[in-house]
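Working notes, beginning with the structure itself.
All chains are identified by letter, namely A, B and C, in their written order; residue positions are counted from 1 within each chain.
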Amino acid sequence: MPWEWSSLSGQKETGMEQHILEMRDITKTFPGVRALDKVSFLVRRGEVHGLVGENGAGKSTLMKILNGVLLPDSGQILMNGMPVTFRNTKQAQACGISLIYQEFNLVNTLSVAENLYLGFLQTGRSKLINWKKVRAEASALIKRLGFGFDVKEKVENLSVAERQLVEIAKALSLNTQLIAMDEPTSSLTTNEIEKLFSIIKELREHGITIIYISHKLDEVMAICDSVTVMRDGHIIDTRSARETNNSEIISKMVGRPVDMKYPKRRSDILGEEVVLEARNISCAGFVKDISFSLRKGEILGIAGLVGSGRTELVESIFGARHLQGGEVYVLGKKECIRSTSDGKRCSIGLVTENRKETGLALNYSLADNVVITNLSKVKIGLIISKTKTKSSVYRYVDELAIKTPSIRQPVVNLSGGNQQKVVIAKWLFSDVDILILDEPTRGIDVGAKYEIYLLMNSLVENGKSIIMISSELPEVLGMSDRVIVINEGRKKGELCGTEMSPEAVMRLAIK
Amino acid sequence: MTGESRTGSVRARITKILRNQGVLIGLIFIIIVASILEHSFLTMSNLLNILRQASAIGILDFGVTFVMMTGGMDLSVGSTVSLCSVVAVSVMNRYGQDVGSDDVVMFAILAAIILGFLVGLINGSLIVAFNGRIGETFIITYGMQIVVSALALLYTGGHFIAGTFAPGIYQWLSTGFVPIILFFTIGAIMHVILAYTPFGKQVSFIGANMDCAKMSGIKVNSIRTLVYGICGICAGITAIIVTSRVYSASPLQGNGYELDAMAAVMVGGTSQTGGTGGIANTILGVLVLSVLGNALNVIGVDANAQLLFRGAIILIAVGLDVWNKSSNIKEASK
Amino acid sequence: MSTRKANRSSFLNLIVDYTVLFILIGFIVFMAMVKPSFLTWWNIKNILIDVSIYGVVACGMTILIISGEFDLSASSQYMWAQILFVSMLNIMKNPLVPILVTLVSGLLIGIINGLIVTKLRINSFITTLGTMTMIRGLCLVFTNGKMVSTNNAFVKAVGSFEFIGLSSFFYIYLIILVVLSIILEYTNFGRRFYATGGNIEVARLAGINTIFQKTAAFSIMGVLCSIAGMMLVAQLRAGSTQYGTDLSLSCVAATVIGGTRLSGGSGNALRTALGMLVIVMLYKALVYLGLQAYYQNLVKGLVLILVVMFDLFMSQQRKVMVR
């Protein structure tokens, strides 16, 4: 790749500050929660610095402060040895800091070129925007990254990887010295991840510092020079990546040695009976001709890259998405599932990937959220009974160990793990036998994850059957009896027993 | 972190009370001011008058409450009332002689209700077909308002329909305590349905989070359509009561009813995005607006100027709703 | 899975949404066959006058929709401008002060709308529904539903002015259209409307003052409504609450027909002009075909619903195409 970097002020000169960024004694408190407690964070110039920690450890708060979105209660930020303060993102950018979020900071209806200079486009002598110049500069910037897509193209027409490139180009156009990337690979194919890594390496070659925030420890270990672990609002340790390993990092993240991540199950519960069979499922644009079956007491894992169509597959089986072709058989009987209420009637329940958006009514109470799937269970005659509701809900709160001060608590106040349990409780309440879990442990800390795994085990031990979609390979392999791998809408393979290995899955999941 | 507010300064406490009970306080305030300015305000007959007027439009507001609880709105209710009015009266005019008093009244009532229901179903079906969120709901029902209003005008040729056949029973519907009893009875029934039956709980849930409702196996499309149908039925009932008072109907009868309805529902405390509020809230809202309207009349404010008030009230009501919600979010945030 | 469109000439793409062009041509052909007298020069002139007056407001509506908002109070503002203007003309002969006062009144109303929507965070439908009612009330209080008229010489002159057979209204509209289009395409102020409507969070993070932009959009709308109201007075030498009840929705329909998305972030005034041409021709055609007033309203309502549903349909399609 030909590189032409124009003025990037000499980063490797001697005599300059070794640390490009120092965050000193940063404290940030929200009502009832101390998100950051005297955090001191140092980043060397020109390195790729990984930042890891469980959800709630404080990573995103720290980054938001760095990006000007939040103001610290106390503490200092120093860039190149000089103290700086920012009250908004623009000011942070002026100091050379850019943060690339998971949700892209792009306006989809506008072109790539316009997004790069949003709101502040180049004007010519006539005080009017000189589009030719804008596009030329934008093209040059994109070319420098080794890509050649049309800057006139509207962002909404680009793929996720391309949008990410636009974001990086945007950061570069602002003469950024420090780029923080938050979960940059969550929607990328393996090829695209490789490309991203090579870009990161090139950026490092040219003196740009990168903070890499990710849950994927393998990636962090692969690309980062040093790794910082956070836990409960504190920095626990910073190490050079070569001097540490995954399990060391995990135990620092969690604060306890973690060896057995996936609880074992009884081996005799797997039945012969096929509870669900999907034949030739097709769904416009997402899924093509997928067939699989689910046995009683089984946990069937669905692996594949983000965006391969797994969610759409289960949505169409559940009835949340229009099924274009194929058939679904429940307990051997063909069912016509055209809506989610049909799915529910066929004893299928879906725990969605976004519990906050589609799993819960956040301002409703825990009780209201749980009983909504089967209101007739708590009614006397035509009227809903408060006592019946209470007793039913308490039962689930106990069984699932949901931590809450009261069942009237609005679920928005519960932690991620407990919220997820409420969603599961909701489906248990409707007595479905087939439970589909889409990324059940996303955004949940390690302790709560384990509880969910235990819960899954007890569910299948009690006669339920589970389909689990997960993008975390260890999780899919650790919890499933069998794994099917989806690749760009098609089923590429099925693995069980000793065949189940990360390499085997990966091989099937990518082209 | 529980949802309890910090007990603190007196000022914080007062603000909280104002927010939660503000409407009630407002109502009392208006009554006091009005009775000071005009002594005839606080008489039994005037108060009964207020209640009677409130009852007619109040029933419509119950229907609108159901719609708004799902997060939608229906701007065509006014013209639906007009259409049902003219149809009801003309049915009685045309068939009164043939069929006899009791039966024709039954026909007219059924006609109004069924027609209202059909219009509501059409609204609901259109909105559901286009997976309508707030923008589409607004424009679709606004368009329907134009269409239904045009239908009413077409039906009557632009004229006013005077009732020529006089069935006493029909007119009885708006005398004395009858409308008030109807109002509270229908209100009670609808309140029970909304707050205590599975159907009602699902209605509110759809407003709270439509996507979640869908993903929980709730028949969102059917319920949304039905809710508009119910609103249409209420429009029909309102049409009957309104025409019964004057025993005539104008094709522009219901003009502006939709704005009053929305104002009453929102003033009462039902959120414009749905999920919270209910019939009890609406009863309060209806009373407040009726008292206000009556007070303005009694003091002598011009009918045209009252439009100014209508608009302002909507803005104030929604503003309060938004304020309320944002403070709740601040209290509940982790 | 991304879909890339072929590289079209961007200038042409700017002005013309090919579907709209088809509709327009189809419509003209239809009318030519059914009632050829519809296409006389005199009739076309009249159509252009209506297009010009409504078009001025439609420009404002386009800017608002691009910014992600709506303004239903346009009709009432238009009425109010007529009434205010005429009332002032009846007080003084020199039109300068009435013009200024009307413009300022539009500006103020627009600012108020903008502030309520942005600062009080009330959604623009309900806000403008409320202000529409209030302003309408104001108009009725002033006129009691009666028409007000004027004999002002200046106004008469503007109303009867013609150049190359086209009325002054057409030129006023043309100027406004060109100026606003340049602003939208070639100034940062204009581009920021697109950013605000396309993704308000991103716009804010980029340092754009979205409160200012939205308020500006409403203010521009207010001023344009005033201009349009004054134009109508020039045409009819009168003002009334009867004129312009369908203005808001006609503008929305024109904008959507022109190809601007209701979800915001795209579109331009030239396309809306084309859309307005379609709408006005439709209205005139209804009158010409002899339909009663009620039928006309029926058709107008149906057109609005169909147009919006089409836009909704298209946006759903768009969501399916790109992952």
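Note that a contact is a pair of C-beta atoms (placed from the backbone, for glycine too) under 8 Å apart; a residue touches a chain by one contact, two chains touch by 3 or more.
Note that this is a predicted model, so its numbers are computed, not measured.
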Inter-chain pair with the most contacting C-beta pairs: B-C
Centroid-based (C-alpha) most distant chain relative to chain B: A
Distance from chain B to chain A - Cα centre to Cα centre, in angstrom: 44
Computed distance of Cα centres, chain C from chain B, in Å: 32
Shared-contact residues (touching 2 or more other chains) in chain C: none
Complex interface listing, chain B residues touching chain C: 126, 130-132, 134-136, 138-140, 142-147, 149-151, 153-154, 158, 259, 262, 272, 302, 304-312, 314-315, 318-319, 322, 326
Contact footprint of chain B on chain A as seen in their complex: 30-33, 320, 339-341, 343-344, 349-350, 352, 357-364, 368, 372-373, 375-376, 379, 382-384, 405-406, 409-410, 412-413, 426, 430
Parts of chain B lying in touch with chain A, wherever the complex brings them together: 1-3, 192, 196-198, 201-202, 205, 208-209, 211-219, 221, 275-276, 328, 332-334
Residue ranges of chain C touching chain B (in the complex, touch as defined): 70, 116, 120-123, 125-127, 129-138, 140-141, 144, 249, 252, 262, 292-295, 297-298, 300-302, 304-305, 308-309, 312-313, 316
Chain C contact footprint on chain A (complex, rising order): 88-90, 105-110, 114, 118-121, 123, 127-129, 131, 150, 152-153, 156-160, 162, 284-286, 307
